[in-house]
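What follows is a group of structures, each given as C-alpha cells.
Both complexes shown next keep chain A, but they swap its partner, so chain B is in the first and chain C is in the second.
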Partner chain A sequence: MHFLLWLVLQSTAALAVPTDYAFTHVPSRFQTRELTASSRALGETCLSRGTMPDGTICNPAFLPELNESTLLGRLYLGNGYAALSTANNFIYQPLSKEFLQELFTRQNVTSLEAHAGLSFSSRYFSAEFSPYRVQYTHEVHNPNNAVIAIHAAVEKSFALSAGLPLSALDSALDGFSFGAKLRVLSRDFVHGRFSMFEVAASEEARSLLPMRSQTAVFVDPSVAWTSEGPWKKRVSFGFSNLGRVWPEDPLYPEPADLGFGLGLEPPVGFGSLKLGIDFAELLHGESAMGRFRSGLSYRFGIVEAMAGYNQSATTVGLQFGFQLIRVGIVYEFLRADLEGGLSNRIATEMSAAL
Partner chain B sequence: MQNSKFNQRAFALLAIPLCFAIQGGCREKAATPHPITEAYSLMDLGENEKAILLLEDTVTAAPDNTEARVLLASAYAGTAGVDVYRLHSSFQDLLFQQPLSGHFWGGKDGPPGEADPEQATRQFRPLEKPDEAAKSKTPLERAIHRLDLFLNDAREIAMFLDRFPRISPERWPLLDKALEHLMMEDPTPDIRLYRSFLRVIYLKSFLDDALFANLGLGTREWACQIRLYEFRDDLTWTSSMLFHISDDLTKVFPKRSMSLNAFHGTVEALVTELQMSQENAPSGSRTGLLALEKTIKEVFYCAEVK
Partner chain C sequence: MPAYKLLTEKANTISTDDRETGWAYILSGAVTLTVSIPAYYLSTDLFARVIYTVGETLGVAAIGYGSYLVLIDNDYTRYKRIIDRVPNLTAPQKDNLARIFLEENAERARRVRRIRVITHSLTAALNFLSAATSSQSELRTSLYFIGGVNTLAALGFGLKKSEEEKLIDGIAPTASLELITAATDSGVTTPALGLGLNFRF
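Moving on, here comes the complex of A and B:
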C-alpha cells in the first residue's frame, strides 16, 4: 500500500501539459484506454461495470463474475476511414513534402480511430492482445495563413488480467473481490503543426513531424464489492497507471491515478438494466466534470442499447449479439475535439466469438 | 450475512468521503481559452478584426511572441483580402504542383536546389555593368532606352503577377501592418516565405494601380503624362520591395536563381538613370528630373497631344 501511494504521489509532477494552448495536447477521446464500442457507448465507464455488453470484463476485480469463457476477435473502426492510409503513412512511410502539401487540400477536420484485437476472457483470468490501434486527426486552421495540426499514433498492446474473490481468504470478506491488470504497450506517434509556408520552406518533411516512440508497463489493481440480491449494487476502487513509461512525453502524461465506481442493476420486468457512474482520474483530472463518467445499458434478447455521458462526449450505441458474430455501433456527440469544437462521430465494431 | 452488511457500510463510509476529499482537493483549471487559441477560432470564422484586437494586446504584452505576431500579421492580411484558401490555386501552383523554377525562379524544371547560373546571369542586368551601347548614348537616349526595357519587363511581370489578387490602395495600410509584424530578427524560413508572398501581392497591387491600370502604358500619350518625380519614387519603392523579396527568397532557397531579379535589375537601372539625370542637372534648372521630363515631352511632341 505504501508503495502504491508512493507511486501515486511520485507521478504528480508529470502533469505539465499546457491544455489551454493550441495544438499542445492529444484529443481527449484519444486518451481512453479501452477502444471498444461498448466502452465508448457507455461513456467509458469501467470501474462500475461488471460484464460489458460484448461479454468481456473491463474491471479485473469483476472477473470472478464471469460464467463463460470467450475468445473474441474484434475490429473497431471510427469514422474517417479514408484517413487510415494517411495515418499509416505518417508512422510507417518516409514523409514527403508532396504528401504534407496534399493534406491542406483535404477537409478541414478529419478524424479516425481504429482498433483490431483479440481477447480471451474466462472466470478469474483474461488476456488481450491488440496488434494495431490507430488514432489520427488533423485540423486545418486560419485561412489567412493555413496551419495544419496533426496527431497520428499507432499502438500495440498486451494485457493480462486476473481477479479473485476475497471471500476465499476470509469469509468476512464475502462480496469483495480483488483484481489487477498488467498492461504492456508500445506506441509510435507524430504530433505537431505546421503552415503551408513551413512545408514549402522545409528541406526535410520528416523534420516537421518527427517520429516519437514510447514503451510503457502499467499495473491497474482494483478492489470491488458486489451486493447480493436483485439490485446488485457495486462499489469499486482502482488504481491506474502504476508503472513506468519511457521515454516520458508530456503528450501522454499517464500519471498514476485513482478511480472510484458505483454500479447498480435494478430489476426490470423485461431484460436487464445496468447503470454505472465512475469518478476517474481523481488525483489528476482537470475538473470535477472531467472526472465524471456515466453509462447505462438495457439488454433485451440479442440487442443491448447503451448510452453514456462524460466531459468529452455524449454517446449512444447498440450492440447486437448473435451466436458467433457481434456488431456494435456507436454515435458520439463530441463536445471538444482537438480545437474543432462540436462534432459528431460514428463508429462501428465487428467482433467474432472464436 | 451480518459481516457482509458491516462491510458494505464500512466500504461506503470509507469510499464517499475519500472520493469527495480528493475531488475537492484538486485545483480546477480555468476554462478561459488562451488568446492564441481564441484568435485561431475567430480567424476560422473569418472574424479577423476581432482577432486583431485580441492579438494586438497579446503582442503588446509579449513582443517576442513570434506565434502571436505571425498570427496577427495573418489577421491583418486576411482583413486586407489575402486569403490563402481563396488563393489556394495560386499557392498550389506556385509552391507545390509545378516546379518553382517556372515562376519565381527562372531556368530548368529541376529538383529543389538546382540552379541555372547561366540564366541567372543572363537575366540579371547589374547596374555596375551597363551595356556598352548605352554608354555612348545621351542621357535622354539612355533614359528612354531604360524606360523601354522597364516597360518590356513590366509587361512580362504583369502576366506572372496576374494570378494574385489586387488589393485596393485603401487596404495597403493593412498590408503594411502585416509586414511590420513579420519584421523580426532572424526570422524562420516560413516567415520569410510568407512575407515574400505578401510583398508579391502588395507589389502586384501597387503596379496595377500605378502602372498597369493605365491602358495607354508605353504609348506616346503615356510618355506625355509622365511625372518623373512620382515615377522615380514609385520605382524606388518597387525596387525596395523586389530587393526584400529577393533577399528573403534567396535566404530560403540559396541555390536557386530568381527571374524576379531580372525585373529588379531593370528597375534599379532606370532608378539610377533618373537619379543621374537629377544629379547632373544643367545649371539654372530647378531640378534635373523636371528638365528631363520637359525634354521627353519635346521629343514626343507632346504639345500636339490632346
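Moving on, here comes the complex of A and C:
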C-alpha cells in the first residue's frame, strides 16, 4: 500500500512541469517591439533591414530611402480567437470565480498575441499609432493540484520617427544617415499564478491577479551606412530604450541597450533578395545566441517569401498583395520559451492602404 | 529636349516597365494560386484559411492586372503610335502634337492634384472635428492620427509637382515661326494656309 502511494506521488511529481520560468518571466516573444508579420517572419531583424516587406521602415536611419508615402491600417493575430477574448476579460471585465475555474479545463498552454495599428511612412518621417496590442498566455501545471500561471497585457503606443542623410551636413558623409524613433507606450497587465483551491477560497477574484500599469517613453537613435552599387551593403548601429519607465517592473526590464546590424541586397535576375543579420541587446542579452537574429526575404511581383531565425524561433512566412491590400502568414517553429515545450504557431496579418 | 523625343522616351520607358511588371504579376499571381489553393485545404486554423482565401483572390487579381499591363498599351504609347501613323507629318508638327499632349497630361495631373489637396484637407478637417467631439480616447487618438496624416498628404500634394508636370519642364523652351500646312488624303501637302507663332516658356 505504501509502495503504491509512493508510486502515485512519484508519478504526480513526474507529471508536474517545472514552473519557475512561466511564473517569473514574460515569454520572450512578448518582448517583441515590432509586432508585425514581416518582423516575425524575418526573425525580428530591424537594424539591418531597409524597407520592410509591408513598405514600412523599422530602422529610422533608413527612412531617407523611402520613395512613397503610405498610410497602412494593420491587424495582426497570432494563435486563435478564444484566447483573445480571454485576455480581454482579464483586463477589462470583472473577474468571476466561474471564469477562473473554467481556465483549468482548457488545454495546458494557451498563447495569443494581437495587434491593431495605423502606420504612416514617408521619406524622412514616419508615425505609428497602436491603440491595441494584446498578449496573453496561460499554462496549467500539475494536473493533480492544478496551478495556473497567467500573463495578460494590453498596450497602447505611439511612435514618431525621423531620418536624414548625413551627406546634407558634409559631402564626405555620403551614404551615411541618422535616424531616431520616439516611442510612448502605456501598458496594463496582470501576471501571477493561483491554484484551484485559491480560487475556491478567495472572496474577490481580482485579488488573485491584481492589475498593474506602466508608462514608458523611449528614444531609439541609430546611424546607418548604405553602399552605392548593385549589392547595397548596409551597416547600422543603434541604441534602444533610452528613456524612462514608471513604475519599473522586473517583468519588463527594458534597459537601455546597443544593437548592430549588417544587411545585403545581392542583385538577382528577377525580383529582389534581401539578407540581414542583427546583433541586438549587446549589453544585456542573456547569451551570445540570444543576441543573434537573422532574416532573408525574396520578393517577386505580389509575393514576398520570408525566413528568419533567432534563439526563440525559426520562422517562415509569406506575404501576398498589392499596394492597396496585403495579407501575410507566418509559421513559427520550435518556440521553446514556454515550459509547455516546443510548439508550432501560426500568425496572420491583414493590412490595407488607407 | 524636343517634345516628340520626350514622348518617345517616356512611352518606351513605361512600356518596358509595364511589360516587366506585368509578367512579374502574372507569374507571382500563378505562384500565389499554386500555394494558396492547396494550403487552404491543408490548413485547420480559421485565420490561416482566411489568409489563403484572400491570397487566392489576390492571385487571380494579379494575373488579371498583369495581363492588362502586358497587353494594353499606355496612353503615351498609344498617342505616339497615332502620331506616327499620320502620314507626312513634319518633325516640328510631330513635336507640336507631342507637346500639346504632354501639356494636356500635365494640366490633367495638376487638376487631379488639386482635387487631392481639397479631398485630403476636407478629410483631415472632418477627422479633427470627429476627434475633438469623441469621448473614447483610443478612437480620438486614432482620428487625430488619421487627421494629421491627411494634413501631411494635403501639404505633400500641394507642394510637390506630379511626374506629368515635371515632364513638361524637360521640354526645351521654344519659339518658332511655322508655316501651317495641311495634308490631303493622297498625302500631298497643300500650300501654306497661314503663319503660326509657337512660343513656350
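Rule of thumb we're sticking to: the second predicted complex is superposed on the first by the 330 of 354 C-alpha atoms of A that agree within 3 Å, B and C clash if a C-alpha of one lies under 4 Å from a C-alpha of the other, contacts with A are read in each partner's own complex, and residues count from 1 in each chain.
Keep in mind that, in the parts below, a residue touches a chain if its C-beta (ideal position, glycine included) is under 8 Å from a C-beta of that chain, and two chains touch if they have at least 3 such contacts.
Here the structure is a predicted model, which is why all the values come from computation and not from measurement.
Peer 1: What is the contact status of A:V327 with respect to chain B (first) and chain C (second): first, second, both, or neither?
Peer 2: second
Peer 1: Is the number of chain A residues in contact higher for chain B or for chain C?
Peer 2: B
Peer 1: Please indicate which partner A:M196 is in contact with in the superposed arrangement: first for chain B, second for chain C, both, or neither.
Peer 2: first
Peer 1: According to the stated criteria, A:A168 is in contact with first (chain B), second (chain C), both, or neither; which is it?
Peer 2: A:A168 contacts neither chain B nor chain C.
Peer 1: With the two complexes superposed on chain A, say which partner A:V235 touches: chain B (first), chain C (second), both, or neither.
Peer 2: In the superposed model, A:V235 contacts chain B only, not chain C.
Peer 1: Answer with first, second, both or neither: which of chain B and chain C does A:N145 touch in the superposed model?
Peer 2: first
Peer 1: Return first, second, both or neither, reflecting whether A:L283 touches chain B, chain C, both chains, or no partner chain.
Peer 2: first
Peer 1: Need the overlap of the two footprints on chain A, from chain B and from chain C, as residue ranges.
Peer 2: none
Peer 1: If we count contacts the way the header does, which residues on chain C are in touch with chain A in the complex?
Peer 2: The touching residues are 21, 24-29, 31-32, 35-36, 45-48, 50-52, 54-55, 58-59, 61-62, 65-66, 138, 141-142, 145-146, 148-149, 152-153, 156.
Peer 1: Per the contact definition, I'd like the list of chain A residues that touch chain C in the complex.
Peer 2: Against chain C, chain A makes touches at 69, 71, 77, 80-81, 118, 120, 122, 127, 129, 131-132, 156, 158, 270-271, 300-303, 318, 320-322, 325, 327-329, 346, 348, 350, 354.
Peer 1: For chain B, which residues count as touching chain A in their complex?
Peer 2: 3-4, 7-8, 11-12, 15, 18-19, 22-23, 26, 28-30, 32-34, 36-37, 40-41, 43-44, 46, 48, 70-71, 73-75, 77-78, 82-86, 88, 91-92, 95-96, 188-194, 197, 252
Peer 1: Which positions of chain A touch chain B when the two form their complex?
Peer 2: Answer in residue numbers: 19-22, 98, 101, 104-105, 141-147, 171-176, 194-198, 200-202, 225, 227-228, 235, 237, 258, 260, 279, 282-288, 291, 339, 341.
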